[in-house]
Structure formats: C-alpha cells, structure tokens
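One structure, as structure tokens, below. Some questions next.
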Amino acid sequence: METLQGIVDNYYYMVAIILFVIGMYTMLTHSNMIKKVIAMNIMDASVFLMFVAVGYAHGSQAPIIRDNVEIIYANPLPGALILTGIVVAVSVTAYALSLVVKIYRYYDTCDYDEICEMRSKE
Amino acid sequence: MIEILNILLLLFLIVCAVGVAYIRDLLSAVILFSSFGLIMAIIWQQLSAPDVAMVEAALGTGVVSLLLIAAISKTRRTE
Amino acid sequence: MEDQITRITSRLVVPFIQVYGIYIILHGHLSPGGSFSGGAIFGASLVLVALSFNLEAGSKQIPHNAASVLESGGALGYLITGLVAIALGGYYLSNKAAGFPMGEAGSLFSAGAIFIITLFVGIKVASTIATLFYYIIEGEK
Amino acid sequence: MGFSEHFPALIVVVLFFTAFISPLLYRWARKLAAPAVIAALLAALAMVVVLLIQVQQFGIYYYHMGGWPPPWGIEFKADPLRLYILVVLISVSLWIFIYALRDLGHELKTRVIGWYYTLYSVLVGSMAGIALTNDLFNLFVLMEICAISACAIISIKEDRECLEASFKYLILSAMGTGCFLLGVVMLYMVTGYLNYSFLYQALVEAFDFYPLNIFTAAALFIVAFGTKAALFPLHVWLPDAHASAPSPSSAMLSGLVIKIYAFALFLMFYEVFPRVVLEAVPLSEIVLWLAALGAMFGSIYAMIQTDLKKMLAYSSIAQIAYIFMGIGLHHSLALVGGFYHIMVHAVTKAMLFMVAGVIIYSTGVRRIDQLTGIGKVLPVTMVAFTIGSASMVGIPGTGGLISKWYLALSALEIGRPIFVLVILASSLLNAIYYMPIVINAFMHQDEFKKEVKPVPGIMQLSMVVGMVFIIIFGFFSKPVVTLLEQAAALFF
Amino acid sequence: MTPVIMYSCRVSDLFRNTLSIVTAAITFILTLSLYGFVVGGGEIQLTLFEVLPNLEISMRLDLLSFCLAALASFVWLLCTIYSVDYMAKEHACGRYYPVFIFTLGSCQGIFFAGDLFSLFVFFELMSLIAYILVIHEETEEALKAGYKYLVMTIIGGLALFFGMIIVFELGGTVSLGVGVILQEPSMLALLAFICFLIGFGMKAGMFPLHVWLPDAHPVAPSPASALLSGIMLKTGAYGLIRVIFHVFSPEMLQSVGWNNILAVLAVITILLGSAVALTQTDIKRRLAYSSISQLGYVLLGLSILNNNAITGAVFHIFSHALMKSILFLAAGAIIWKTGLRVIADLKGIGRQMPVTMGCFSVAALAMIGIPPLNGFLSKWTLAMGALDAQMPLYVLVLLVSSLLNALYYLPIIIPAFFEMPGDNGHDHHDHHEFEFNIQEATPRMLSVMIILALFTFIFGLTPNNIAFSLSRVTAEFLLLGGAF
C-alpha cells in the first residue's frame, strides 16, 4: 500500500520513467533510423520532465520578478538547465538527421538492419 | 481539478510515445511526436517553468519536427 | 509548394513572426523566453519563406555564406563578451561584478552583459536553424 | 595569482574561440587557419602548465563562472590530477594536429578541412571542459558537445562506413547521455545539488534516506560512461567508428576521447559518491570485472581481425580496460597505474593510428596480411609500429611496463592476484597479435609488392616524436609518477 | 663504470667486422681487469637511475657476476671472430653484427644487474634482440621457430614480471645482495618462486618449457647458436641462482622443500633431453637437445643446494659453455663447407676436416664425461654434491645421462673418422663432393675452435685451475648469503 501511495504521490516521476523506458526501447529495437532519432528525443524529453518536476514545489509560481514577493517560486535552476538540455538535444537531433539523409544517399535505405545486411554481403 | 488535468496530460504523453513506437508511417509518427512535444510544453507550463515550455514549443516541437519532415521528404516515408 | 495562398499568407505573416522572435530575444531577461526560443522562431520564419516560395528565394533571403559567417560570429560574440568581463576585472562571463552598466530592474536595458549575450546567441540560433534546414533539404553543401 | 586566476576558463574559451574563428579564417585567410589552431593549443598548454605549477604551490583552486559561487554557478576545479589529464590531452592533441595537417589533405576534401579544424578545436575544448568542470550538468552539456564533435570528425570523411559508424556511435552515445542525465536527476532529486563537492557531502546524509535513488544513479553512471568509454559489453560502436574514421580522427578518438570518459567515471567514483555508497554496493567490483573481461575479450577480438585499423581499435578496448581496472581496484597505486596508462596509451595508440595512417597514405594497404615486407620500404614507420606494440605488450623500457607494474602491484596489495593474471594474460594476447605484424614487416623474404609513395617529413617527424616519448615514459617516469602519487594521495 | 661502457658499445658501420671484434675484445679485457678487484672480495653496488620509487636500474659486481661475465665475453669474442668468416656468405650482415654486440651488451647487463628489475629489463632486452639472431636466415622454418621462441619469451617475461611484483609487494625491494628479501614462506612466495622458475626455466630450457629450444637453436646461424646454447641459456640459470640465493634463502627453500620442484624438473629435463637427442637426425637439433639435458645438470646442482653441488653447477656452466660452443661452431663449419646437416651424411668427414672434427670429438668426449676433460670434473663434483646430500639417485641419473650422451655423440664421431664416405653408397653425388670439394675450414674459424678445445683440456686436466677454484669460491660465497 505504501508503495502504491508512493507511486501516486510521485506520478510525474513514474511517467517520466515510463517514457524513458519507452524511448530507450524504441531507440534500441527499431531499425528505422528516423524512428531512432524520434525515440531519442522522447527519451531526452522524459528526463527533462523529471528534472522540471524535481524543481516544482506544490502550488509554486513561475520564477518571474513581480511586485508581490511573498509567493513561492519554483526552483529556477532546473528550468535553466533544461533549456540548455533541450538545445543540446535539438542539435544532436539535427546532426543525426543530416547523417540519416547522407546515409540514405549512399545506401538507399533508412533501415539499419538492411544496411548491416548490405555491408556483410560486401 | 488541475491534478486531474495533469494526469490526463501525462497519460496522453504516454499514449503518444507508444504511438510513435508503433506507427509505421513515419510522417504520422512525426506528427504524433510534435503533439507529444506540445503536451510536454503544457505540462511544463503547469509545473511553473514557462520559459522551458516556450523553448520546448519552439525548438523541441517546431524545429525538430521541421527537420524531421525535411529528412523524411529526402528519404522514405514508411518504415 | 508553389501555392498562391501560402505565398501571400507567409508574406503577411513572416514580418510579424520575425518581430516576435526579436522581441522574445530581447526580452529574454524580463519575461519567459530568451535567445534560444526567440532565435528558433526567427529561424523558423526563414524556413517558412523557403518553404512557401522556393529554395532559391529562401537562399536569397539568407545566403549560405552569410549564414555561416553569422553562425561563427554569434558564437564568437558570446565568447568575446565573456572575455570582456575578464578584461574589466571580473570572472569569465561575470556581469555586474565586471562593471557592465545595469539599468532599472524591469526595463529593457537592465541586464548588462546578458543583453549582449542573448543577442549574439539569438543570431547564432536563428542562422544555425536556417543552415541546418538547407543542409538537410538540399543535401549537397 | 593575478591574471592566471582566469586560466581554467580561458583554457576552454580559447579553444572554442579558435573553433569558431577558424572557418572564417579558412574562408578569408586560408593560410592562417591551421597556425591559429596550433597557437590556441599552445596557449592552452602554456596555461595548463602555469596552472599546474601554481596548484602545486598553492593548492587546489576553484574558478566560478560569471562570479556565481556554487551551488548555483558553474565551477571549474584545478587540481593536480585534472591538470595532469589536461597536459596529456592538450599536448597529445597538438601533436596529432600537426600530424593531421598533412594527412587530412589526403583523406578529406579540401572544402571541409576548415570545418575539421573547427570540430577538432571544439572536441579538444569540450574534453578540457569535461576534465575541468566540477558541476554535473555542465559535464552533461560538454559531453554532448564532445559526442557530437567526435561523431562529426568521423562522419566528415563522408564515405559509407564512416557515416554508418558515426550514426551508430551517435545513437549509443545519446543513450549514454540519456542515462547519465537520468542519473543526474536522481542525485539532484535527493540532494538538490549538482556541484561535485556539495554532492559529496550531501550524499553522505542522503544515503540514509534514499539509498535506492543513489544506487540507481551510480548504476546509470556506469552504463553511461561505460558506453562512452567502451567498457567491455558496451563497446560495440567502437571498432567501426575508430576503424573507419580518417586516421587523425582515429588517433584522437582512441587516444584521448575514450580516456576522458574513463576519467569522468573516475571523478564520479571518487569525488561525487562518498565511500559509504561505494562500500555498500559492489560498484567498483562490477567495473573491475567488466574491465577484466574487456581486457581479455578485446584482445581476443583483435586477434581475429584482418584490417589493421580494426585491430588497433579492438586493442583499444583491451587497453581502456586497464584504466578501468585502475579505477575499480580502489587503491592509490592502482590509480597511479591507471593514470599513467592514460598517458602511455594516449601516446602509443595515437602513434599506432598515425602509423596506420601513413601506411594507408603511402601504399593504400589496410589488410594485415598485405603488410609483409613493408618494413623494408617504410623503415621509420614500422620501427614506430614496433616500439608502439612493444609498449602495448609491456616490454621493459617502454611506458606500458610502468603502468602494468603499478596495476599489478596494487592488485597484489589488496590481495587479488587474479587480476595480475588477467593483466599478464592480456599482455600475452597483445603480443600474439602485434608481434607477427612486426615480424612479417621486417623479417620476411618476400618483397613488398605495392607501389609506395614517399612519406612527408612532418608525418615521419610526428612518429619519431611518439617513439621518443614512449621510450622516455619507460625510463624517466619518476616525475610523472611522483605527481600522480601526490594527486592520488588526496583521495585516500 | 665498466658495465656502462660495455653497454654502450653498440656500433655498426663499414669497419663493423673489426669493430665488433675490437668491441668484444675490449669488453673481455675490461671484464678481466676487474679480476683482481673481485678476488679481493670487492663488491660494487651502483645505481644508475631510479625508474620508479624503489625501482631502479642498478649495477652490481660480485664474484658470480664476474665469473659469468668473463666467460660470456670470452666466448663472445671467439664467436665474433668466427663469425667474420662464417657470415661472409650470409646476407644482412649490417644487421647481424650490431645485434650480436648488442646482445653481448644486454647479456653483460644481466650478469651485472644489481636488482631484479634491471635483471628483468636486460633479460627481456636480450631475449628480444636474440630473436633477430634466431630468425636471421628468414626462411619459413626460421620464422616459425622464431615465433615460437618469441611467444615463449614473452610468457617467460610475464611470469618473471609477476614474480618480481610479488617480491616487491612482499619485500618492498627488489635489490639483490642486500640479504634475503623473502624470509617467510607463504602462498604468494611459492607463487613467486614458481613464476621465477617458469621465467628463468623457460630460458634455460627446463623440461616443460623447452619446446622452443630445439626449434630455435638449429635455425640460427652457427655462431649465434653457439652463443644461444653456450651463454644465453646460462642467463636463465644465472637468474635462478640469484633468485635462490638472494631473494629466497637456501635454508628456507630446503625447509619447505620447494627445491624439490626444481630437482624433479631437472631430472626430467636431463633424461628427456638426452633421450630425445638420440632420435634426432639433424646435427644441430641433436646438439640443441643435448643443451637441454646439460642445463638440467646445472639446475640439478642448484636444487641440491650444497657446496659441492653448487660448485659443480657453476663449473658446469663454464664447461658447458666451452663445450657446446665448440660443438656448434664445428657443426657450423661443417655446414658452412658442405651444407650437410643430416648426421648420416657425415661419414668420413673427419678425414676431410680433421681439425674441425678433432675439436668436435674433444668437446663431445667432454660432454660424455671422459676423465681428463672438463665435463668429467663438473659431473664428478655434481655427483659428490649429490652424495653429500644423501641422494645417490641423482648420481644414477647422471650416469644414465652420460651413457645416453655417449650413445648419441659417439655415432657422430666414430663414423666421421673410421668410415669411408658413402659406405652404404646411398648417394653418388655426396661421394663426389666429399672427394673434391671438402677442405678444412678457414684458419680463423679453426683457431677459435682450437682455443676453446685447449681450454677444455686445461680445465679438465688441472683440477685446481682457475675456473674451478673460482666456482668453488663462488659457491662458498653464495652459501654464506652473499657476504664474505
């Protein structure tokens, strides 16, 4: 019962972990490269979700300076970090996609297994 | 009330992620993924991280989907 | 993609998107947003032009050479701003301590070096996104 | 300390600066681009040396980015061990770069060479950052930069193998960084810090309340860094990536990049996780056994390769395992051995890849069985190969012996002679696959059949430098070892 | 210091022949010049530099080092002289001579090593350099043998390394001659002992590790085989002596009975080497197997660990070096002149090459242990040692082995002198060649063999000759724990 309560209390974390697992599973098992790239993004997003959830205090507000200084702010640090993280993830994605396009030009396929087969035949 | 919304959004996230994993049409997968990103942005807004939400909406959803679509247009649409 | 409606719409919308992007870049330290999102929006507007007209028009709007120069320039500007802070006697990238002029909290020019830095990063992000898009769509570079 | 107080940041900044300026230079003043990179590397090296001297005088030094104190700001830390890594990193990359100047023109299209300079400087800069940083998130960002630039210097060659290999590398390293970031979040969740020093203290308390989180984080770190540094079962990306890349890139990747991740794992184990955590679960044991397996299997795989560069790549897996062993043995002598091996292997493997590069440049041969009699036409190259392989095997008089000596000594010190056996068996296997190449190159009746292009002077010079250093490491290791012993003493 | 100079004598250029002879001669003279000093009981410990803390390259000079270094440089000098003619036919002399001298340098380095680490370094250096000598001919066969040799060498080197690390770990130092390093028997110490046994035993051709030897020795050029058999095998024995007396102590070894391991292996080595030698048809292979069995004597002497036995062992190092050098050089001369390697073809060759075969017979007789020759003296002393240790079984082993020696040497000598070539008429071409083309080897080669043969006589005839007394003193010196 306690475990269940723990799960309910931390549902953000649980969802993040589930997403992480889905992302990783897709990334490692699917042979299509574009699928792999999308899955990579899902995986990253799930970690970011978890990170932001860590910084969130119940009922807190966005950390923007207003006249009223009494309110609880959410921890701004994870937000700032996630920003960087997203940018990094996007750049990795962009690079991966450019690789995919180039690979397609050489092999005429986006499927990793097919490429491996072609290479082993050589 | 807001809790329930959050939980619904989270469930929707999971559905999107699973959908991405199982759909064989890549373009649909990309669209699902961008809706995944948008929901994520809403969740972050809910978690009082508006600037993250904004970046996610612009970069994570907009640019990544754009690039993905561009890549798909250059390659093959189905898996 | 040679469609009249999209052309006219994008011709109408693009300036607003660009202004909005610049706004977000400049107000990054006051309201949610900042150089990354603003730069992405700006870059997206360029991509939109390219998509709705054709690639040549897009290339005219932001030539490849200029894009790559801007990319390097944006990053360099960021690094140099950081170095200026050292020259002024602070730590690397330090802001107030290095004596950058700070304005009223809440006004546009209130953040010293942050302002300059976001500007540079915005340029960098916008040009990078455009370059990446061309890179993937054109293939040959 | 004056101006030099900014050096930790400047080391990284100067490299990134060069990175972004070199495409511009390449566009407008092509002749200046390469000298600019060399100058930046030299400047960075000078700064590291100055810092090292100062750190030895005044003790460990922290640098706060933007003047923000930790735990909020990014903190760079300058301690002897990190600076030692930096010295190795920057000097070896300078050396490889000088070699690359000639080799690149042969392997790459002229158009992309400017970008190669950029990527090269970014790679070195991010590695320097990984070594210096004292902040987990900063580490994450730098790791991603490092991963992208490392992939890019493989894929810049634009042939099929390179592209495919770098995609594999990219996906696996994305998985690695994903795991790493998840681990970071776990730690942040229970402590609220990202700074190593703060984490170290906070984890002692947090360990009582959230042991599970911390274990998970540690396990994720092992997976993450294990993937990036090619720890045995996670090494699948390495052979393709290292073998297909242009030779200077292979030298860089095998020589330095994987070491940096091993070093990062070391920092996790010694600066982030307190001893109570490591003693509660046998994490070091896991690393140790994986390393032992890697040392054996890497060598065994290397034996069955027919491609020279592939063989060298598999040999890297075996050699990196020694470094992991140095981390996992958890003893000061083992650290000395492991870190000495970082230096020795960086130089040796870089030189061996240079040799492979020269052979490909000059004759176009990649297959091991076609190298028969090559020693007579490329004497300097093959002598370099001989010395390099001697160091891999651990023949006395080369650097390889010293690191093995320390590793074996510490394995005995903690009463586990089995690892000495592993080291020795792995050395034997090394001998079995390196020696035949040397023998066939020099001592075979058959003449070398292929046409041979003359080797440029600068390439030969680089190889000679490598040889000299390997011998120096073998005989005059005392200053380095003393430095390492001091540095290792900080952790025990 | 002398050893340093020796070590640095590595030269190769146009005058290489002269130069290498001169170098070898200088080495020999310099070594001899230390004689007075050493006999006076002097010892020198000299640290060149520290490689690691407590781990240095150092030099040490004492009686044992002197004996072996003098022997080595002497044989080397003669072999170099011999090579000048022998190698005239061969290719790649530019490689051969420097390597030859370099091997001498590292060999001297082994004998003068002041601690286990430098011993190990020089040992590895010598083994690896000698590899080039082994495969000098570059034939397929040579390469194969060389590969085997190399792998075994590396295994041995790693075992030594392991042993050394254990010693360093347990004792904190690897210096030789500072007294006994390992006092207490323990599991690890046993492991170290076995490792040293493997490492040095491999070099000395001890029984289970001898497999490389019969392949490697025959394929090398003859002067090189002479050195491989004559001197380099001895470095293994030398290493074992050092380990037994300086790292462990004889008392300790005897008390826990580890020396029995060595003894058993030595006995097997002796018998097996002799027995297998019988079955060989190639002359150099037969000699190589004979080397294995002879080294067994030395190891046996070491395992008995009393005064007479050690004296015998050390003296056998001397005598075997001389005898085996002669044998290989003579065999080399025959091959050089005739190209014949198979023993059955050598009938009647004693008539064409009387001096060569004369020397060969002297050495072979010495091997068998015919009384006036030095082989007898060493065997006699060994037997005395065995009897002192109440081990008549070993005497039996020695006798059996001598018998076997006789069985495989006499069939070479007797037909060579007393049968006509081609008696069984199996090849007329041979006959032809024998009649017209065979002459005596060149004077230089002959003189070398004669000098060695003379020494064999001298050492055998005068029981109180210099080598024997040196061995005697050395044995006492060692048993006293390295201090007078």
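In this document, chain identifiers A, B, C, D and E correspond to the written order of the chains, with residue numbering beginning at 1 in each.
By our rule, contacts are C-beta pairs under 8 Å (C-beta built on N, C-alpha and C of every residue); 3 or more make two chains touch, one makes a residue touch a chain.
Computed from a predicted model, the values in this text were never measured in an experiment.
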item: Contacts common to chain D and chain E (chain labels); value: none
Excluding chain D, groups that stay connected where the other chains sit: A, B, C | E
item: Chain A to chain B, fewest steps along touching chains; value: 1
item: Label of the chain whose CA centroid is most distant from the centroid of chain A; value: E
item: Chains linked by the largest number of contacting C-beta pairs; value: A-B
item: Furthest chain, CA centroid comparison against chain D; value: E
item: Closest chain to global C-alpha mean, per-chain Cα centroids; value: D
item: CA centroid of chain C to CA centroid of chain E, Å; value: 80
item: Where chain A and chain D are represented by their mean Cα positions, the distance between them in whole Å; value: 28
item: Centre-to-centre distance between chain C and chain A (centres being mean Cα positions), rounded to whole Å; value: 24
item: Multi-partner residues of chain D (at least 2 other chains); value: none
item: Two or more partner chains touched - positions in chain E; value: none
item: Chain B residues counted as touching two or more neighbouring chains; value: 50-51, 55, 59, 63, 67, 70-71, 74
item: Chains that touch, pairwise; value: A-B, A-C, A-D, B-C, C-D, D-E
item: Partner chain A, residues of chain B touching it in the complex; value: 7, 10, 13-14, 17-18, 20-21, 26, 29-30, 33, 36-37, 40, 43-44, 47-52, 55-56, 59-60, 63-64, 67-68, 70-72, 74-76, 79
item: Contacting residues of chain A [partner chain B, same complex]; value: 11-12, 15, 18-19, 22-23, 25-26, 30, 32, 34-35, 37-39, 41-42, 45, 48-49, 52-53, 55-56, 60-64, 73-74, 78-79, 82-83, 86-87, 89-90, 93-94, 97-98, 100-101, 104, 109-111
item: Residues of chain C that touch chain B when the two form their complex; value: 24, 32-34, 36-37, 40-41, 43-44, 47, 129, 132-133, 136-137, 139
item: Interface residues, chain C side, partner chain D - complex; value: 65, 68-69, 71-73, 75-76, 79-80, 82-83, 85-86, 90-95, 97-98
item: Partner chain D, residues of chain E touching it in the complex; value: 49-53, 55, 57, 120-121, 124-125, 128, 132, 135, 138-139, 143, 146-147, 150-151, 154-155, 157-159, 161-162, 165-166, 168-169, 188, 191
